Structure formats: structure tokens, C-alpha cells
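For reference, the structures are reproduced in the following blocks.
Next come two complexes, and both contain subunit A; in the first it sits with subunit B, in the second with subunit C.
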Partner chain A sequence: MASTVIGANITIEGEVIADEDVVVQGTIRGKLTAKDGVVVEAGAVVEADVSGGPMTVAGQVTGNVTSTDRVELQSGARVIGNVKAARITIADGAHFKGNVDMDV
Partner chain B sequence: MAGATIIGRDTRIRARVTGASDVEVQGHLEGELTVTGEVVIDATATVAADVRGRRIVVRGAVKGDLNAEESIRLEDGARVVGDIRAPRVAIAPGGLVRGYVETQASGAKPAAVKSAASAARHTTHTTPTHAAHASAPKAAPHAPASKPKLAHVATKPAASHRGLTLAGGKAAPKPVVPVLKKGTKAALTKRR
Partner chain C sequence: MAQAKTTVRHAPPPVRSGSRDAAVLGASVRIRGRISGEGDLSILGSVEGDVSVRGDLTIGDGARVASETLEAHAVTIAGELDGDVSASGPVRLASTARVHGDLKGSEISIEEGAQFAGRLEADFELPAALGKAR
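Up next is the complex of A and B:
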């Protein structure tokens, strides 16, 4: 259950801070901080530094991604930026360019 | 519900939000909200932004101007500090507003019709009061003739009241809608 949904035809230019889940279907430029899970759905465009809990990316992310939990790049995802998380999975078919930083 | 946007109650956004879908705000929004769909500002929401949409429904707190192409509805619990503009504005009991309210079109055709209608309503409101003061028939051709009559009637009871009654007659109608007048005045002074 997502508490905050950024719809497909919506553009947010600025800062989003959520103490709950965030689902992005539209566009965010700026900064996205969530305490809980973040889902970037297919078709979504995030040009922002993203931080939060468990993350699932199927859309496009340009910016650094930081998670306290896991980051999952699904097939079709396009991520350009550094990813820092406890666990990272990159599915076959996901595009990714950047550094990966896991607790080794 | 693809396309619908919800800003959850534990979410704070400081940004410009634009787009074409419906937006429901339950959390905090600061900046600007401009969409072509419907905007719902829930009871838990605090919005410090100018809001534009097709329809706007407010149940929470807003500091900023509201502009809608179709209608604005302030429901119980709504607190708005700012100006309100839409062809149709409804304020339910329990809705609080401080600002200038205008039920007029922002250019749309149906809105123009509606504003004309509201203008007509205003004139009909004022005419009876004048008639009551003059205690004369509404017949238009007699209007100029009835005015002097009004002055005479006014002078008869007390000469000192004459200026007052004239001013009241001209500036229209203490009794009509004192609240509205007050609001307008306050808004004007605020503007300056």
C-alpha cells in the first residue's frame, strides 16, 4: 500500500520528503527522500537523488540512489548514478551506469 | 488508478507540482500546484501554495490563492487564507475563509454566462432595496422621478439624516450583505 503516489501525468520540481511509501509514476526533479519504500514504476522519470528504504526501480532514474535496505533494478529500468545499499539486485535487461556501494 | 496522484499525510513536498491528473493532498505541500484535473485538499493537509485546477475541493488548510476553471468547494473544516476565484464557489457551513472571493470566469465561455447571471442577481438584489427606500414602484421610466421623492421622504423625518440616507442610497445598501462588503473592504485594504 502506497501512501503517496505521484501520478503518470504529474511533474514535481522540488523536494519530496515522505515518512511513508512513495510510488512514482510521473516525473520528479529535485530530491526524493522517503523513510519507507520507494517504487519507481515503468514510465516514471526521476531526475533526483533518491534515498529511503527498500527500492524498486522499473523506470528511469538519474541521480544517486541510497537505501537503508535493498535496491532492486528490474528489467527495463534505466539508472544513471551511484547506488548505495545493503543489498542490490540488478535484473537481466536493466540498464545501469554508476558505482555500486554495498556493505561488504 | 493510473494517473491519480496522492500526496500522503506523512509526506512533505516543497516543490512546483504540475500536470494533467487529479491530485489529492493529505500531507504538506509548499510551493505551487497547477493541474488540469481535480484537486482535493483533505482535512489532514496543510498547503502553502497557490492552487490551480479544474475543480478544487478543500477540507483542510490552505494558505494561498485558489483558482479553478469550473468550481471551488470549501467543505466543513476548510480553512483558507487567500483569494478564491472560480465560476462557481461554494462554501459549506464550517468552511472558513479570509480573502477575496470572486465567482467569475477566468475566460471560459460557460463561466461568462454564469458571471452574467450572478451580475444579474446582484442588480436584482440592489433594486428592491432602492425601491424599498423610495417606497415607489419598480417601473423603470419613473425611476428619475422617484428619486427626488426619495430625497423628500428622507428629509421629512429628520433633516440631519439627509446626508446619511443619500450616502447610504448611493453607496448601496447597508442591509444587503454587510459581511460581503466587509470582506471586500478587508481584501482591498490587505492588497494595499
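Up next is the complex of A and C:
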């Protein structure tokens, strides 16, 4: 269970570092570094470089995404930036502009 | 037996007790920067920077907050705070609180065991006897 939730009406401007799962429903501007999973829910706005474990994006991300595991862009997601991950899925209906680096 | 046609690829998201407005910053989370918002906020980790929320703010036991200004409605502090609190509602220092800074609120309560260094500012009417003495 995710112990960190950045609620829909919360805005963080700065650097967020977490050793646990992070669920973003609100806004982050700056940098997000997680050791574990990151979920960017629909309606969330992340204007930051994001790095962490498995990532699920249904909201808006502007910035580079780096994952040690997999990145899943769900339908409705809007990602502008480069994605670096071992595995990536882009669902039908996801918007994505950037490069993919799967480290092959 | 009929089976559901859709296959679930991922476990359903965990049920969260709080409302969608609530924000919880877990114990391992460190934030350097400004936090603002409309909803409630619970800080269990470490925050360096200003915090301004419309809802209630809780600084949990074990949390560390260093900020110039901390604005919220009701504020409950059970952790460590270095900075001033400006609350539109009540301010409560739990027994585990360690606070260095000024507190302003509609009511202020400090539990036994709490450590506090700073000024208190609360709007209340002095009893008539004390009022005359001034």
C-alpha cells in the first residue's frame, strides 16, 4: 500500500525524494526521485524529472522519466519527455512526445 | 460457470482511507521546496520549505519540518518543527512535539511532555479581572 499520496489539491514546488511508493494526484514541479513505484494518476500534473521503480502514468508528465523497471503509459496519459526504462508500454490513447531508451 | 471476459492485468489500486484531497507524505519522504494546496496534509517524513494548505496540517511523530512559515487551518504537531505556525484554526502540540518557533492560532494547546520554545499568539478575551489589572 502506498504510504505517500500527494493529493489532488496539493502542489509541491521543489525536490521530492521517497524511499517508498508515491502516488501523485496533484502537482509536482521540480524533481521526483523514488526508490519504489510511482503512480501518476489521471488529473495529476508532474513538471519534473521523475525517476524510480515501476511507473504508471495516467496523468500529465513534462520531464524525463527514468525507471529501473517498467513504465506504463495508460490511456489518457500525456508525456512530454524522454523515457528510459527496461520495459515500456504505451496504451492506445496515450499521448507521448519524446525518445524511448530501452538500453538495448 | 460463466467467467468475466476482461482479464485484469494489474492488481486493483489499494483502497485509501482518506479522501482524494488528502495528502500523506510518508516517513521515508524528503521534500525540499514549497508545498501548497487546498486539502489536508499529513507530513510523516522530512520537509524543508514553506507549507501552506487550506485544510488541516498534521506533523506526525518522527517527522521533521523546517520552514519559515507554515500556514494551515487546524495544525497538529507530534514531530519536530523549526519555524513559525500561522493557523486559522486551533494549534495542538502533542506530547512528542518539539517546536522551535512562534505559534499563532484560534486556540493553542500544549500537551504535557511537549517541548516548545517561542511565542504564542491566540485571540481570546481576557477575563474581566485580568483585563482591569492591565
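The criterion applied here is as follows: the second predicted complex is superposed on the first by the 104 of 104 C-alpha atoms of A that agree within 3 Å, B and C clash if a C-alpha of one lies under 4 Å from a C-alpha of the other, contacts with A are read in each partner's own complex, and residues count from 1 in each chain.
Everything below uses one rule, namely that a residue touches a chain if its C-beta (ideal position, glycine included) is under 8 Å from a C-beta of that chain, and two chains touch if they have at least 3 such contacts.
Just so it is clear, the structure is predicted and the values come from calculations on it, not from any experiment.
Student: Clash or fit: subunit B against subunit C, after overlaying the two structures on subunit A?
Tutor: Here the two partners, once superposed via subunit A, clash with each other.
Student: Touching A:A8 in the superposition: subunit B (first), subunit C (second), both, neither?
Tutor: In the superposition, A:A8 contacts both subunit B and subunit C.
Student: Classify the contacts of A:Q25 with the two partner chains as first (subunit B alone), second (subunit C alone), both, or neither.
Tutor: In the superposition, A:Q25 touches subunit B and subunit C alike.
Student: Just to be sure I read the superposition right, which of the two partners does A:D101 touch: subunit B = first, subunit C = second, or both, or neither?
Tutor: Touch partners of A:D101: none, neither subunit B nor subunit C.
Student: Once the two structures are superposed, pull the subunit A residues common to the subunit B and subunit C interfaces.
Tutor: 2-20, 22, 25-26, 30, 35
Student: Inside the complex, what are the residues of subunit C that reach subunit A?
Tutor: 13-14, 16, 18-41, 44-45, 49, 53-54
Student: Can you check the complex and tell me which residues of subunit B touch subunit A?
Tutor: Its residues touching subunit A are 1-23, 26-27, 31, 35.
Student: So in the complex, the part of subunit A that touches subunit B is made up of which residues?
Tutor: Answer in residue numbers: 2-22, 25-26, 30, 35.
Student: Spell out the part of subunit A that touches subunit C in their complex, as residue ranges.
Tutor: Residue positions touching the partner: 1-20, 22, 25-26, 30, 35, 39.
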